[in-house]
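Below: one structure, written as structure tokens.
The letters A, B, C, D, E and F name the chains in turn, as written, and every chain counts its residues from 1.
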Amino acid sequence: MSKLTHLNESGQAEMVDVTAKAVTERVAVAEATVTMQPATLKLIIEGGHKKGDVFTVAKIAGVQAAKQCANLIPLCHPLMLTSIKVDLQADEANNRVIIQSVCKLAGQTGVEMEALTAASVAALTIYDMCKAVDKTMVIGDIQILEKLGGKSGHWRAESVVEGSRG
Amino acid sequence: MSKLTHLNESGQAEMVDVTAKAVTERVAVAEATVTMQPATLKLIIEGGHKKGDVFTVAKIAGVQAAKQCANLIPLCHPLMLTSIKVDLQADEANNRVIIQSVCKLAGQTGVEMEALTAASVAALTIYDMCKAVDKTMVIGDIQILEKLGGKSGHWRAESVVEGSRG
Amino acid sequence: MSKLTHLNESGQAEMVDVTAKAVTERVAVAEATVTMQPATLKLIIEGGHKKGDVFTVAKIAGVQAAKQCANLIPLCHPLMLTSIKVDLQADEANNRVIIQSVCKLAGQTGVEMEALTAASVAALTIYDMCKAVDKTMVIGDIQILEKLGGKSGHWRAESVVEGSRG
Amino acid sequence: MSKLTHLNESGQAEMVDVTAKAVTERVAVAEATVTMQPATLKLIIEGGHKKGDVFTVAKIAGVQAAKQCANLIPLCHPLMLTSIKVDLQADEANNRVIIQSVCKLAGQTGVEMEALTAASVAALTIYDMCKAVDKTMVIGDIQILEKLGGKSGHWRAESVVEGSRG
Amino acid sequence: MSKLTHLNESGQAEMVDVTAKAVTERVAVAEATVTMQPATLKLIIEGGHKKGDVFTVAKIAGVQAAKQCANLIPLCHPLMLTSIKVDLQADEANNRVIIQSVCKLAGQTGVEMEALTAASVAALTIYDMCKAVDKTMVIGDIQILEKLGGKSGHWRAESVVEGSRG
Amino acid sequence: MSKLTHLNESGQAEMVDVTAKAVTERVAVAEATVTMQPATLKLIIEGGHKKGDVFTVAKIAGVQAAKQCANLIPLCHPLMLTSIKVDLQADEANNRVIIQSVCKLAGQTGVEMEALTAASVAALTIYDMCKAVDKTMVIGDIQILEKLGGKSGHWRAESVVEGSRG
């Protein structure tokens, strides 16, 4: 296993120098979930317009957070994303909301952190809008599902490869 | 179960008006974990100064994110936190890093979102610094462990009440 | 007519010192409109969920902008708003969207700029979402309708006083 | 008339994916006005240095706001503007200040929103500096006068084409 | 000499908890200088309006930076300054620009960092506007001249006490 | 000596239009120092982990500030840095901390301001963490040591050319 790329030889934190890296198209797909009480999920779902509203607020928060990624994560490079998508679905069977985000750009570094940040902040926004009725929510499953571009090419998480994910 | 506080009567998203609420001391304790391969955790731990560095970067990112909470979560109120603490521990038995954050202020609204945002962004920072060596990390367990102040007084998550948590 | 409060005696720009001003409850109501082609307005209105979405995005943008007011307007004081509301309505008779915003806090300075900023940015967001189908939109009528608190007490714009406004 | 580009097929808000769009030089010229009482405009104008100061503060606010555009307007792409100009003129015949902004870059999306944001925030800054002496100011006429680049090529507002504008 | 307040007992960086501290009026006066070639200073000074402009841009940058202090300095508390003043003077005898900033608020922590940040960023702005004609400028003398409020009461730098400063 | 590039012909502040400038690789190296009492420097140095922590916090603050440069310095262009490095050293012989920063990108404008901002904010962060034990610290020597790229090619400060600097 290789060294941590963000520590220099004397063990200090450092941004990776990407000046000489090739520009390639980069895509990253990330996921997050918010698990809640069944009654909380029902409140989000019931009434078409209400659902739209809660999910739209979370989606916008996720999109805006992706743009702030380099200001939040100290060693991330500033990037100009050409596409940010955040989708939310109610998963009633498992009492949770599933959030998927996709970020893209043609650039010198990957966009995993942008996608993860979008999914995380969308999840936090769901939490915020429901916390007055449910103190026991848990945000989890924040992970990369798929990435394209850069040295490692096309990579998919095992759960995606196995098709265990809808 | 009550209505969602962030939707008005016609179902539209709205910030809660806290103008008339009393100022009380508020504390919130939140948690997040980053689960990784054993070899990744070992890279973080080995060498005293290296560990300090990775954890210090994540801690600083968490503290800075707490201050940005109202800019990230659309319906959060701007707040002036009087204390933000972020602590990280390597939990080798479970191949993960555990992050705990504590936010405080004397104010009109709770600080749960600030504590959750601090823990989430600290976790994302750990992820960023290790992602080149481990694509399978998962961030999870983002939740409130304890809160003080406001209408609901002192509240603790069940895992805390039962003492199942160190 | 008095001097400009933001110029000191030698004519240079300066933030007003409010350290010694009393804390009173402040409210400001602002308005903005986006005038567009009838077909553009129809696209926004048709379909309940679509309308919700465009208006929700603009509303969230307005709320977030109010919090950024002191970072946008150089001589504004940083404030902790306790309530921000942004409402949008389609005014088909006049081919326009009407935006009203209300900001509140208990503080030492008024919140007019926060309300005006919320209304302006909500209008710009409507513009952004429709600009691909309509290049001739015009944003206008950005003004204060009513304010409460501070030295000048309760003030209403003439159009509000005369009841010429619904 | 085409669909709204910022709504996907199920009517939800979405950033437009510009990954595959060509990089061309983009220019946008926007305008805004602040109409005020004659005595207010006189206070701004009288004394060379004073005028310079009020207009310089507004100009700087406009330039800084253009850079913040993607953080204010949720579905705007982050851009790296190569030029931002904001000019202000006193139009005594009509008791108003006229603001014109020009934004440029070589990129994949237009810069109309950046130019409109610059003009709007410069107008709000004028408002802020004069509001203590004039509560009846109105910001209006926020519109695109001209744009260059992208699919629609060179476009000018009718008032510009007709030469009705100085 | 006491311990560093920003390191906890195990030597890790930590924000100081000010929840229990008394609210008192706080003032801090800071200074910075930009030393340059005589010809550069002359370019700034000559022509009344030009001087106004360069100094006004730097002043506005300083005021805006003071508001951003807690976002720039990781362990600073977010504060709501009630007054920020930045003054610039050409000191021809010593080929430099002298910047003084004053920040105020009634709060639980001092405002030294806000005043120092205002002076530093005003100095950087002067540097930016002159760097094309002078690569040898040096920013220095960034220090606190005077502070009021808090546990240490009224404190003045020795140079101020001795009256060696105009 | 040439004109100030940031003033237009009528003496008003203006961003330089770099739309037509060539993209070349740019590097800038900047420096800053924090001079303090010997006992203060000793507190920073003593204990390996403590030193790491103070310096790591300052380093992260510097890296994050470089990304914020265009938001702090009004007439700077937004840039996407591909590398930001900040190094800190205790210079016991002279009772000070020396900070060096290096910024890089392939772009149309130089990165001096980014490097200077990184060094300045790292210095301010050192100041913040030590100010409770030492009110007499002074930040100085903020200057460009070396730059590469653009019209002026490779430039080094005289102190670097003469080798008087380690």
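The rule we apply is simple: contacts are C-beta pairs under 8 Å (C-beta built on N, C-alpha and C of every residue); 3 or more make two chains touch, one makes a residue touch a chain.
Computed from a prediction, not measured in an experiment: that's the story for all the values here.
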Lowest number of touching-chain links that must be crossed from chain B to chain F: 1
Given chain B and chain E, the chains that contact each of them: C, F
Chain pair with more C-beta contacts, A-F versus A-C: A-F
Farthest chain (mean CA position) relative to chain B: D
Centre-to-centre distance between chain F and chain C (centres being mean Cα positions), rounded to whole Å: 39
Chain D-chain E separation of Cα centroids, rounded to whole Å: 32
Rounded Å distance, chain C centre to chain D centre (Cα mean): 16
Residues of chain B touching at least two other chains: 12-13, 49, 52-53, 56-57, 60-61, 64, 68, 71, 74-75, 79-80
Chain-level touch network, classified as line, ring, star, complete or other: other
Contacting chain pairs - touch in the sense defined above: A-B, A-C, A-D, A-F, B-C, B-E, B-F, C-D, C-E, D-E, D-F, E-F
Chain E residues touching chain C - in the complex, by the definition given at the top: 25, 52, 55-56, 59-60, 63-64, 67-68, 79-85, 104-106
Interfacial residue positions of chain E with respect to chain F in the complex: 1-7, 10-13, 39-40, 43-44, 47, 49-50, 53-54, 56-57, 60-61, 64-65, 68, 71-76, 112-113, 116-117, 120-121, 123-125, 127-133, 135-144, 147, 152, 155, 157-158
Residues on chain D engaged by chain E in the complex (per definition of touch): 48-49, 52-53, 56-57, 60-61, 64
Footprint of chain E on chain C - complex, ascending: 12-19, 70-71, 74-75, 77-80, 108
